[in-house]
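Order of writing sets the labels: A, B, C, D, E and F. Residues in every chain begin at 1.
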Amino acid sequence: MSVVIRRPKRVDPSIAGAFLRFGVATVHEAQGRTGLMSPSIRPIYKSAHIAGTAVTVSVPPADNWMIHVAVEQCRTGDVLVVAPTSPCDCGYFGDLLATSLQARGVRGLVIDSGVRDVASLTEMGFPVWSRYVSAQGTVKATLGDVNLPLVCAGALVNPGDVIVADDDGVCVVRQEQAAIVLAACEAREKREAAVRARLAAGELGLDIYEMRETLAARGLTYRDAED
Amino acid sequence: MSVVIRRPKRVDPSIAGAFLRFGVATVHEAQGRTGLMSPSIRPIYKSAHIAGTAVTVSVPPADNWMIHVAVEQCRTGDVLVVAPTSPCDCGYFGDLLATSLQARGVRGLVIDSGVRDVASLTEMGFPVWSRYVSAQGTVKATLGDVNLPLVCAGALVNPGDVIVADDDGVCVVRQEQAAIVLAACEAREKREAAVRARLAAGELGLDIYEMRETLAARGLTYRDAED
Amino acid sequence: MSVVIRRPKRVDPSIAGAFLRFGVATVHEAQGRTGLMSPSIRPIYKSAHIAGTAVTVSVPPADNWMIHVAVEQCRTGDVLVVAPTSPCDCGYFGDLLATSLQARGVRGLVIDSGVRDVASLTEMGFPVWSRYVSAQGTVKATLGDVNLPLVCAGALVNPGDVIVADDDGVCVVRQEQAAIVLAACEAREKREAAVRARLAAGELGLDIYEMRETLAARGLTYRDAED
Amino acid sequence: MSVVIRRPKRVDPSIAGAFLRFGVATVHEAQGRTGLMSPSIRPIYKSAHIAGTAVTVSVPPADNWMIHVAVEQCRTGDVLVVAPTSPCDCGYFGDLLATSLQARGVRGLVIDSGVRDVASLTEMGFPVWSRYVSAQGTVKATLGDVNLPLVCAGALVNPGDVIVADDDGVCVVRQEQAAIVLAACEAREKREAAVRARLAAGELGLDIYEMRETLAARGLTYRDAED
Amino acid sequence: MSVVIRRPKRVDPSIAGAFLRFGVATVHEAQGRTGLMSPSIRPIYKSAHIAGTAVTVSVPPADNWMIHVAVEQCRTGDVLVVAPTSPCDCGYFGDLLATSLQARGVRGLVIDSGVRDVASLTEMGFPVWSRYVSAQGTVKATLGDVNLPLVCAGALVNPGDVIVADDDGVCVVRQEQAAIVLAACEAREKREAAVRARLAAGELGLDIYEMRETLAARGLTYRDAED
Amino acid sequence: MSVVIRRPKRVDPSIAGAFLRFGVATVHEAQGRTGLMSPSIRPIYKSAHIAGTAVTVSVPPADNWMIHVAVEQCRTGDVLVVAPTSPCDCGYFGDLLATSLQARGVRGLVIDSGVRDVASLTEMGFPVWSRYVSAQGTVKATLGDVNLPLVCAGALVNPGDVIVADDDGVCVVRQEQAAIVLAACEAREKREAAVRARLAAGELGLDIYEMRETLAARGLTYRDAED
């Protein structure tokens, strides 16, 4: 019952790549606060920021055979997304697989399990977002699937969806909504830039967002301290 | 029942600031091993070290409205301390709120929940100690309190208490004990400097602290390995 | 019943030190995927890499007395391995103990609990792998053991075993297998270098490792996406 | 953007109910080891066993407003499935909501968060599978969705899917596969009954499943202990 | 610096005992959703329900000496509340201490750590709410405090406060608010009884609480499924 | 490299069985507070209590093949002890394997992972101590070892060691110390019975154990509350 889906429809590379102008927090807000993976998924080094199209891999616990299968399905601009079928902290991925993916133009790895060789991966500049760092090796004994929809760190990922990842975490943008979300990101960024300038100048969010009246209506009271 | 306490009594700024000469471990020891928050609260970047007076904010889970309210209550030398009423891993705080706090002279944020925009916060030099990093947005729908005593990451914090934070974690010093604890820090630091020099020269703690006799009395035995 | 074993047999320093040429992942694989500590044990700073002989310390929760006892048993090339008898997140170890160990030529600390003064430890270049960073102080009231076998972070450690630690975690090599494992590391490294070059040139692991036939035999199928 | 989908297609009640003849382990195996929720979801009392059709509810953290909305969408034979948009340990659900659901013929609740009034729920015989038991109250301030697909405890649930839950946990059966999986459960149960009788009579699985040859081929060796 | 406070002011026994008519969820709601301990604190057996006045004990990790000290300070109607100064999973308390407390009329134990002899405790009918069950023994080497305010499982407890505990968890009622909260519990219970009857008769919460209009105003929309 | 050790030396059955007169807490204390597994290992039903000799099984994550191999090595009075080589929450074991073990006189299972069919296991009276309950199935693809020493839930277990398990957890008694520990259990139980009677009669542990003087010497002070 194991299957590899070849050539899934992907978000247009120019659209997927354009998300690199925005942080994960912005993307997540722009699509109605959806699509975020669990904050347990952390980057192995700081200041990495990627945007690309998902190739999904479902793997058995402690078995990385299907990642080798998935490499062949990757092309320039992809991001590999790997989820085990039950929780596992093994080191599924190291510098050899990263070398292979880098040779194919893959932008990074998101994995709801462990990676190893993180010193080498950092040196190579191959970014990874993972739940664990672990040297624990895996076997090649049991099959899984490539490019079926899967749940990774609590988020549903379809092959070809946009993956955006930075120091704040990882966000998934549905393929069919990519263009709309991109536009919403731009709008949001513009609004925030204006607010940022006013806040830096000392204005209060209470006034900029006109919150005082609503707060009072909800019952907020002020009282001076009795020292 | 939501209330904002204005102008709570704070530790004198010159005393609060003087704690910056000491690490969290020293402060915690100097006040009898009390006041430490859970080690789950970690800095978002390395080498930050702050000391200031607490402004406390009690927030509902996933709702950051009261942080906006609290900004107005902050002044130069304060540290914002935020605790949700039940555990929550959302990203309550980002670069906009940091911009606003920085404009008011606030030294940093301690939050028993999540923050986002950590790349920007790092660039701005606005230090945060948090339990999570998460892009997950929050709403503005439910009230909380500002400047009431609260429990943050297992430690009781009163408004105006001293907060000291560094790479080792976060420590709270009771307002009424601040001067005494400061003196105790100085004394401890002096003692440790002397010991450090002797240890670096190869002397053993067993001898410096005169532990051998007590250890033997408690029953410690030595035996050569039988290879 | 507390005992300190003096002068346990140790792996020859030239063999123990030679492991520094290999990462933890390689060592763990070379000895049949054994000996790894839990990935919860993390380095306090990046890019540290050590190999040395274990001095083991069993400590009560929140009591670091025996670490002071253990220092005397350490010599150049050792690594201190500390495990509490029940889980504990206290800061057992700080810059004073590190100064003392560094004066004796100890290469680092592995502890299944907490450390503090991590800013100083980083500055001193004294590497630590720990489960927690915590300023929480410990007492000196109850005995433990030095240089008995112990379980640290899920791995059995005998005094004198080789400890290898890097950004990927910590691995233990049994004393009696050290020479064999060292040779296996060299062989593995050589094989990997050859594969790495081919992968970088764009060859696929599927072909290099001749996996296609086995995968098909196990039932892997390929299907084109229906867009 | 909040929506309630009315009258979603559901698995036929006679098929959904027929799953009650099988345990969760059997159902999960029968559909190729898929559909299981995280084992963190546990029943509040022992020996409950339900099968029914999913009504899905996506709720904000600490806000149970949408559960009140969802009640109206439930009918006899349904199971309510609730997931917060970010992790939350509040008590979303108690005996009043259970009274309301029981009046509508709902078979139970699956929630990736907390419940309260568990003594009353036990007495009422209203089964709940939850991650937490907590008295912590929730607010009614922010909207969510009813009967959209959601991820609950790591599993994707579509409205109308079959939910089977017992002491082993919770399993989801896709609506379109329900009849096929039901047949596979029956086949599996029959096979297992035959094996169970032989094992009880003292036969070994090694022989029944004819494993000895394969084990030897993979390299398993036997050795007598040297005492 | 260790101290035992004798004869702290306690809530009047008739008021403290009256809380037994109400569950923890009701008490917590009646005092504005405050005072709840973490849901990690669970009863060691089902259907226990107690209300009494707190005697507080601060203990070092893995050291139960102060519990022996605290026994003498207990009287009929008290509940012992124990919190370690740093997290610890040891078995601080067993059937001997329970025998002693039962002889003094103590109603139960709340401990943010472990207990043992749970089979005996169950047989004796001495209820305990704890974070862990563990046989791990403790020492008697280091002092702590009795009847000082402490933080237990995230909640502030003052000696003499009311503790209510049942299958849903543990709640603390401030001494000075006990009478008011008791009255609020009664009012709430009465309201809920009326609602329960209407819900059981098939009325919807949406109508009883008149939520439909507000939900629509906030933007909730309904849509029929397109099958 | 996988091996099955046949007929390991076991503790004499009359000695192993005699431990059934003592709880886990007593055994653990009687051998100097050693040998306890992590309190994360919990019984699947209450009031089970077993003592027997260990047959150890090291299994890959999510692969239960070696348990089938181990069954053949079990005899009357054994307890099966299973540990995965890396953490795993799968359901390794269910009613079929239990049927097979029960037919061979095995007393129970201790597993640092998951089990399933817990309703059936309870009905059969086959006790299990596990970290998880999970329906998640396992594969039969990779080898492990039977009757080699292993670390299970933080405790070292050698084949033939005594395993004692009850509601408090699981304890291991080294084979070579079994007779001595048994005697120590008896002595301890006798002492405790005498103390229990005095405590029940209202005497204080402070007096029975003559603690008052030591406490005062360590600096304990008493103070009356100032109301």
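Going forward, contacts are C-beta pairs under 8 Å (C-beta built on N, C-alpha and C of every residue); 3 or more make two chains touch, one makes a residue touch a chain.
What you see is a predicted model, and the numbers here were worked out from it, not measured in a lab.
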| item | value |
| --- | --- |
| For subunit A and subunit B, chains touching each | C, D |
| Centroid distance [mean C-alpha coordinates] between subunit C and subunit B, Å | 30 |
| Whole-Å gap separating subunit A and subunit D, where each centre is the average of the chain's CA atoms | 28 |
| Whole-Å gap separating subunit A and subunit E, where each centre is the average of the chain's CA atoms | 40 |
| Touching two or more other chains - residue numbers and ranges from subunit E | 1, 33, 85, 87, 89, 134, 136 |
| Contact graph of the chains (line, ring, star, complete, other) | other |
| Chain pairs in mutual contact under the definition given at the outset | A-B, A-C, A-D, A-F, B-C, B-D, B-E, C-E, C-F, D-E, D-F, E-F |
| Subunit B-facing residues of subunit C, complex | 1-9, 65, 68-69, 71-72, 89, 91, 94-97, 99-100, 102-104, 114, 116-120, 122, 132-137, 140, 143, 147, 159 |
| Subunit C partner contacts - residues on subunit F that touch it in the complex | 1, 32-34, 38, 85, 87, 149, 151, 154-156 |
| Residues of subunit E that touch subunit D when the two form their complex | 23-25, 28-29, 33, 36, 39, 42, 46-47, 49, 166-169, 171, 192, 195-196, 199-202, 204-206, 209, 211, 215, 218-225, 227 |
| Interfacial residue positions of subunit C with respect to subunit E in the complex | 60-63, 85-90, 134, 136, 139, 141-142 |
